[in-house]
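Got a structure for you, written out below as structure tokens; questions coming shortly.
Letters are used for the chains, namely A, B, C, D and E, taken in the order the chains are written, and counting of residues starts over at 1 for each.
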Amino acid sequence: MEKIELTKALAQGQQMLAEVTHESGGVRASKCYQCGKCSAGCPVAFAMDKTPREIMRLLQLGLMEEALKSHTIWLCASCDTCSTRCPREVDIAKVMETLRIIAKKKGYVAEKKLDQFHDLFLKSVERNGRVYEMGLVLGRNILGMQPFKDVELSPAMLLKGKLALLPHTIKDNGEVKKIFANVRKRGGKV
Amino acid sequence: MSDKVKKMQEIAREILEKGEAKVVIGWEKGTHWYLSPPAFIDKPEEVERLVWDDFCHNNLSKYLKDYVNHEGKVAIFVKGCDSRAFNRLLQDKQIERDKVILIGIPCHGLKDQDKAKELGENADIPKAKKCVECRYPNPLVYDYFIGEEKALDEVAAASEARDFSDVEAIETLSPDEKYEFWNKQYERCLRCYACRNVCPACSCRECIFDQTRVGWIGKANNASENQFFALTRAMHVAGLCIECGECERVCPMNIPIMLLNKKLIKDINLLFGPYDAGVDVDGKLPLGHFDKNDPEEFM
Amino acid sequence: MSVKEAQANWEPKILVFACNWCTYAGADLAGLSRLQYPPNVRVLRVPCSGRVNPQFVIRAFQRGIDGVLVAGCHPGDCHYVTGNYFTRRRYLLMQRLLQYVGVDPERFQARWISGSEGPKFQQVVKEITEQIRAMGPNRKLRDAQ
Amino acid sequence: MKYAYYPGCSLSSTGIEYDMSTRKVAKALGVELWEIPEWNCCGASSAHLTDHLLALALPARNLAIAEEQGLDMAIPCAACYVRTKATEVEVKSSEEMQKTISEVIERKYTGQSRARALLDVFVNDVGLDSINALVHKPLKGLKVVSYYGCLLVRPPKYGFDDPEDPQSMDKLVEALGATPVDWAFKTECCSGAHAIAKSEVGLPMIEKILAAAKESGADCIATACPLCMCNLDMRQGQAGSKFGRSYNLPVFYFTELMGIALGIKPEELGVNKHFVDASGIIKKLNEAEGRRETA
Amino acid sequence: MKRVGVFICHCGSNIAGAVDCEKVAENAKSFPGVAFSTDYKYMCSEPGQELIKKAIKDHKLDRIVVASCSPRMHEPTFRRCLESGGLNAYLLEMANIREHCSWVHPDDKEKATWKATELVRMAVAKVLKNEPLQRSTIPITKRALVIGGGIAGIQAALDIANAGHIVDIVEKEPSIGGKMAQIDKTFPTLDCSACILTPKMVEAANHPNINLITYSEIENVEGYVGNFDVTIRKKARSVDMTLCTGCGTCMQKCPTKVPSEFEMLMTDRRAIYTPFPQAIPNKPVIDRKNCRYFTTGKCRVCEKICPTKAVDYTQEDELVTQRYGAIVVATGFDLFDHSVYGEYGYGKYKDVITGLHFERLINASGPTMGKIKRPSDGKVPKDVVFIKCVGSRDEAKGKAYCSKTCCMYTAKHATLVREKIKDSNVYVFYMDVRTPGKGYDEFYTRTTDQFGAKYIRGRVSKIYEKGDKLIVRGEDTLLGRPVEVEADMVVLATAMVAQPDAAKLAQMVGFSYDQDNFYTEAHPKLAPVETHTAGVFLAGACQGPKDIPESVAQASAAAAKACGLLSKEEMPTEPIVSCVNEAICAGCGMCVPVCPYKALDLKVIQERAHGKTITRKVATVNSGLCQGCGACTVACRSAALNLKHFTNEQILAEVDALCL
């Protein structure tokens, strides 16, 4: 197993840790006492490469790269079970969210499919003001260059009136476009 | 001569003749038509000096302090505000109830002395401000009573709600404007202490402003020292002021002293519940007790 | 020093009347816990917040203090059983009276800080110092000397 | 009782029956729903994983429109609710945030208009007694597990119900005449969007919930979230075949159950649009009703 | 001309590290009245004190300022120093330049030095107006009160009684014994709790110097050290203690069953009852809330059956007032209510129990006769999970502190399960194992090594029922993997918390408590059993979580303190009291209602005025009652009342000196 150079890690990780704290609205990894209650209750933990507690530990030691490259931060379903139960009142879900945003900025995307999904989703919102679910499904299909897994469900959905072929839009989407533009103006990475 | 004055003189004469009291304190006509200063009558034949008119402003109760060590009783005329002043002094244990004969006189509200002087005798002279706001025109305590007891209930009912609009007007100013306002007022103060001397809530044997050895206050007559005096005086009468307005009336520099007193009355009522000083002699003083559920602003 | 220089070098000075049993102990605890705060406060020890005569407060303003804090035990916890209840009444009035004559509310404050609230002492001192620093030197009620 | 109604994107497609039943039931209860004109997507669940400000700004526009009318927002979709609530709470808690958001959306939102979950509105504003009084066809004998999902009652500071063992839907179901069944998976996560984009993670999560519901002995599941509905209903077959089981557990929006109990025709509520056939349950209820009537 | 000496302490580097002490001493030389100023490494040390004494002599100093640590720490030290140097103790003032300066401003030496200088200037200004004060003495009542009859209270009472003083134990329950009576075995020796407790209970009951006042509560406390006047409410027992022989017939015949608090509601007691068979006094009380006669007006079975006619339904609560010289508070603790944990089932799963339930389950006289059976169905559990830190170390839903005893009692429980159920598996979910204590870590090692308990490092996130099993989900944080246990029973090590009425008692007696309602000791290290209120001492878990040996040790310590006080005939009083300037006092009486000690009153004096003798009223201070709070001085508008050592003049001088 690879040895960790703690002195170096701590020195390198400080600035990024501060960024995580700032971006997450003040969530401090140092509060975590590693009890593991988050990971014990996490419904997605079975699929993760590192438990949420381990992500917190990586942050504490400054091992940012390792945290940002993990699948865990992408697999988090934002269900808030961890934050709700944390005895130290650390908002772990918020940390996961924040790490994902930072990871994306740095180009570390361990779960490309999940990321594309969110990109397409927001593109649809910006373009139409609302989400166009069929478009989303097809777009993911084309971009992902893979067969649409839910293909067997689509005809039934169309039949039941559950998938619209045309995008739902709002008449004048100028306002929503402006929101996106204003967020970008303020340095938002959308 | 009105019936009331006749009655006043009758009672006074009777008291003096029977020897019930050594002296009767009332009002008489002074050097000016718009002044009715206190009269101290100790001979039955002098009772005719006594008057009752629109200018019997002086709150007579404070004079009782001068008779504390005299033998025998003192008789005194009391309006509504004088009676509250009497209660106040009683509460402070400065006088004894059974050494005083109180002759109650319902008060219809007196006229503004300054305006009278300015407008002349035949003009329509407005009521004094304190009388416009008066909520106790009837004496609260008395042994004799002149006039109809119920006559002024309506007057009382009319001004049931206190008028704090003058205080509120200042409250709306910015801190700097407030400071400017009060600074201007107290720059004028001569520190003659007339306001203190006349006040029925000021019952100290030796006022702290006379205690030069402790150094509460410097001798210098400047705005800072004057404001120390003003604020301290206001805090010292907090919960005790009976709104007779004598302080303001006697102030040679026309400083609106009641504006400070009323501010404290307003806040005491707001913070600690309704309270009128000098009404209930046995009641607790607002700053002499507390409620565990008082407003909490210091958490 | 020129006037300008004096203003540039101005540091707010804040007087804290602290009761011996709670707030003074809380300030001691802040020290024991090495909780840092701005060096602008001076604690004056009194046995009880109920000992603080409003005249002391006005006097401090006269002499040029920039801010005054009166602090004692939480209601119900007074070492002298009821002292702070009287403090509360007195300073609820005093605070309003001072504001009425134009003293900015930040300049005079009251707080309950217990002996176990070292962090609260630190935080209150920080807050008040920042507020007063932002306001600049106090000129109100001040002796002209 | 009047609310600004925010259906959200799902309710015009995959969750169409949630929209249909909500409108019908609201009308029957005398609750006026004023649909926010030209509402926009709240951004769930992608915006908050991409940019915090965007996530707060998107729902703010809808809230601002509701605020202009002086109305609170009633939101059926749990995901839309939690994102909109987050915006309300953030804006309320800081003046700076209020300023920033208003600048970004170029509208004024002060935090006056509140985001309310539809379940909360029905249970706490309309009240269980009033609902119970309007029940024509009690859901007698129907055993229901209430599935709140993870978003409706978390984080606890937003909550109108308990984050670990919520009760409002159970009590509602009881008021409709059905039998609420207690179980431990009320707030367990169904994987949300993972089911679409990463089914190997999503399906086991769905399976766990279905298995627990089955084991509890319930006849059906009640839910308050279109994403949960999608996962539990539409993907019930996928999950079943992957784990070699057949659950045959109809899933209802709680509004559909309300509609049925209030005597509204199931088709008008969109019950026929389910993937897992619910007609068996409807039939059983009708038979029981018939027996009661003849008796 | 007054001559002030100023002494600046370095406190090693504690002060000197952040404050330029030499400069402060130098600055002080220019302050009015200062005749001598110096600095030294450790002012409180022997040579430091010698330095002060020598300077008093050499420089003819008549007032002293010591700038060092908090006066709450060393004021008594330096007062003694002044006395042995020939000055009155009250001619000392201290400037706190450590807690209030160097420790909180470590990074800005210039400003810290400036502040220290000003603090010294304030102290100098004040000390110039100090007056010598003389202590007087008051007699001490030689009787002690112990509040609480658990192991700590019993031990404290025995120690005081053995020293020859009369002690009353007031216990709110019908029997003494407290929580220890409920416990089965004690760690780390595993000896039987009852076997070591009951002899102590009997000893207390039979001791000629000890009075047991059970089923009673403190109603009111007045007075002060040496002479506390305590009103005790003796609740109506409905049984005449002088007639009752404790035969127990009534308890057998009583028709009303009530869940037994002592048995953690796992079995029943009667409405007329003693909490447990070895209760002391072993005479029953009637629980009026549940008694059939008191609720319906009919029954009277116990009255009829009682051979000595001891049952008396007409008894009423009785209030008695007694004077005590010292009070030992030993009110113990309560257990955290785990029903706040939704993830553990909000207390609704029957087989999720607390450690104290478990104690009763393994106790031979408990509801299961010592067989471990789970509450839901009486089955013997095979897989038992223990969860530590439930309510402890949890800011979100519980308490931030560590409850200190849980690690050891959970190890004990784990051992007992493995011992009593041979084919059992024990899983202990923990965050840390904390075993500082004699023989403690060895015990823990045996639990894992010899008894095979599985320790899993991680907090449990959820427990839920599945069939007749309890599914326990955690993470093994050492492996970094989620784990699950199918358990038959779960035992929660719930936190020790303060008694629900702890704050009320503290307010009544007049001492302080912390944010968790545990009682605050006068100093965490040097005065661990004293409170800030003289004459009131603390024993046991009311001061914070403690195990039995610690509680007993602290009880003996508190007893020693109480004995020290009671061994004297009289004690010196603090001379910092209010005084009246009769020449100024107008006798308005506004001071009277603000005094919490009823120390103020009005009296009539005679004096000559204008050639005759007159009488008038003035305020008077009872210096025996006055505690020196100074509330009266502010109520007095004419400043006729003043507080010695904190006079108006002194405080004004401090304010002026600060504002220079």
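Keep in mind that, in the parts below, a residue touches a chain if its C-beta (ideal position, glycine included) is under 8 Å from a C-beta of that chain, and two chains touch if they have at least 3 such contacts.
The model shown is predicted, which means the values in this text are computed figures rather than measured ones.
Visitor: When contacts are scored as defined above, which chain pair ends up with more C-beta pairs, A-E or C-E?
Guide: C-E
Visitor: Compare the CA centroid of chain D with every other chain's and tell me the farthest one.
Guide: Farthest by centroid: B.
Visitor: Once you find the CA centre of chain B and the CA centre of chain E, what distance in Å lies between them?
Guide: Chain centroid spacing, chain B to chain E, equals 53 Å.
Visitor: In whole angstrom, what separates the CA-based centres of chain B and chain C?
Guide: Here chain B and chain C have centroids separated by 36 Å.
Visitor: If a residue has to touch 2 or more other chains to count, which residues of chain C qualify?
Guide: If we look for residues of chain C contacting two or more partner chains, we find 54, 59, 76, 82, 86, 90.
Visitor: Residues of chain E touching 2+ other chains?
Guide: Chain E, residues with two or more chain partners: 343, 462, 594, 635, 648, 652.
Visitor: What are the residues of chain A that contact at least two other chains?
Guide: Where chain A meets two or more other chains at a single residue, that happens at 46, 81.
Visitor: Dump the list of chain pairs that touch, please.
Guide: A-D, A-E, B-C, B-E, C-E, D-E
Visitor: Quick check: in the complex, which residue numbers of chain D touch chain A?
Guide: Listed in rising order, the residues of chain D that touch chain A are 9-10, 12-14, 16, 38-41, 43, 45-54, 57-58, 61, 100, 103-107, 150-151, 154-156, 163-164, 187-189, 191-194, 196-201, 204-205, 208, 234, 273, 275.
Visitor: Please name which positions on chain E make contact with chain C in the complex.
Guide: Going through chain E, the ones touching chain C are 70-72, 96, 98-101, 103-108, 111-112, 114-115, 118-119, 122, 503, 507, 510, 512-515, 520, 532-533, 576, 594, 596, 627-631, 633-635, 643, 646, 648, 651-652, 654-656, 658-660.
Visitor: Flag every residue of chain C that touches chain B in the complex, lowest number first.
Guide: Within the complex, chain C touches chain B at residues 54-55, 58-59, 62, 75-76, 82, 85-86, 88-105, 110-112, 140-144.
Visitor: Quick check on the complex: what are the chain A residues that touch chain E?
Guide: Going by the criterion above, the answer is residues 33-42, 45-46, 50-51, 53-54, 81, 85-89.
Visitor: Using the touch definition up top, name the residues of chain E that touch chain D in the complex.
Guide: Of all residues in chain E, those touching chain D are 341-343, 345-346, 462, 464-466, 471.
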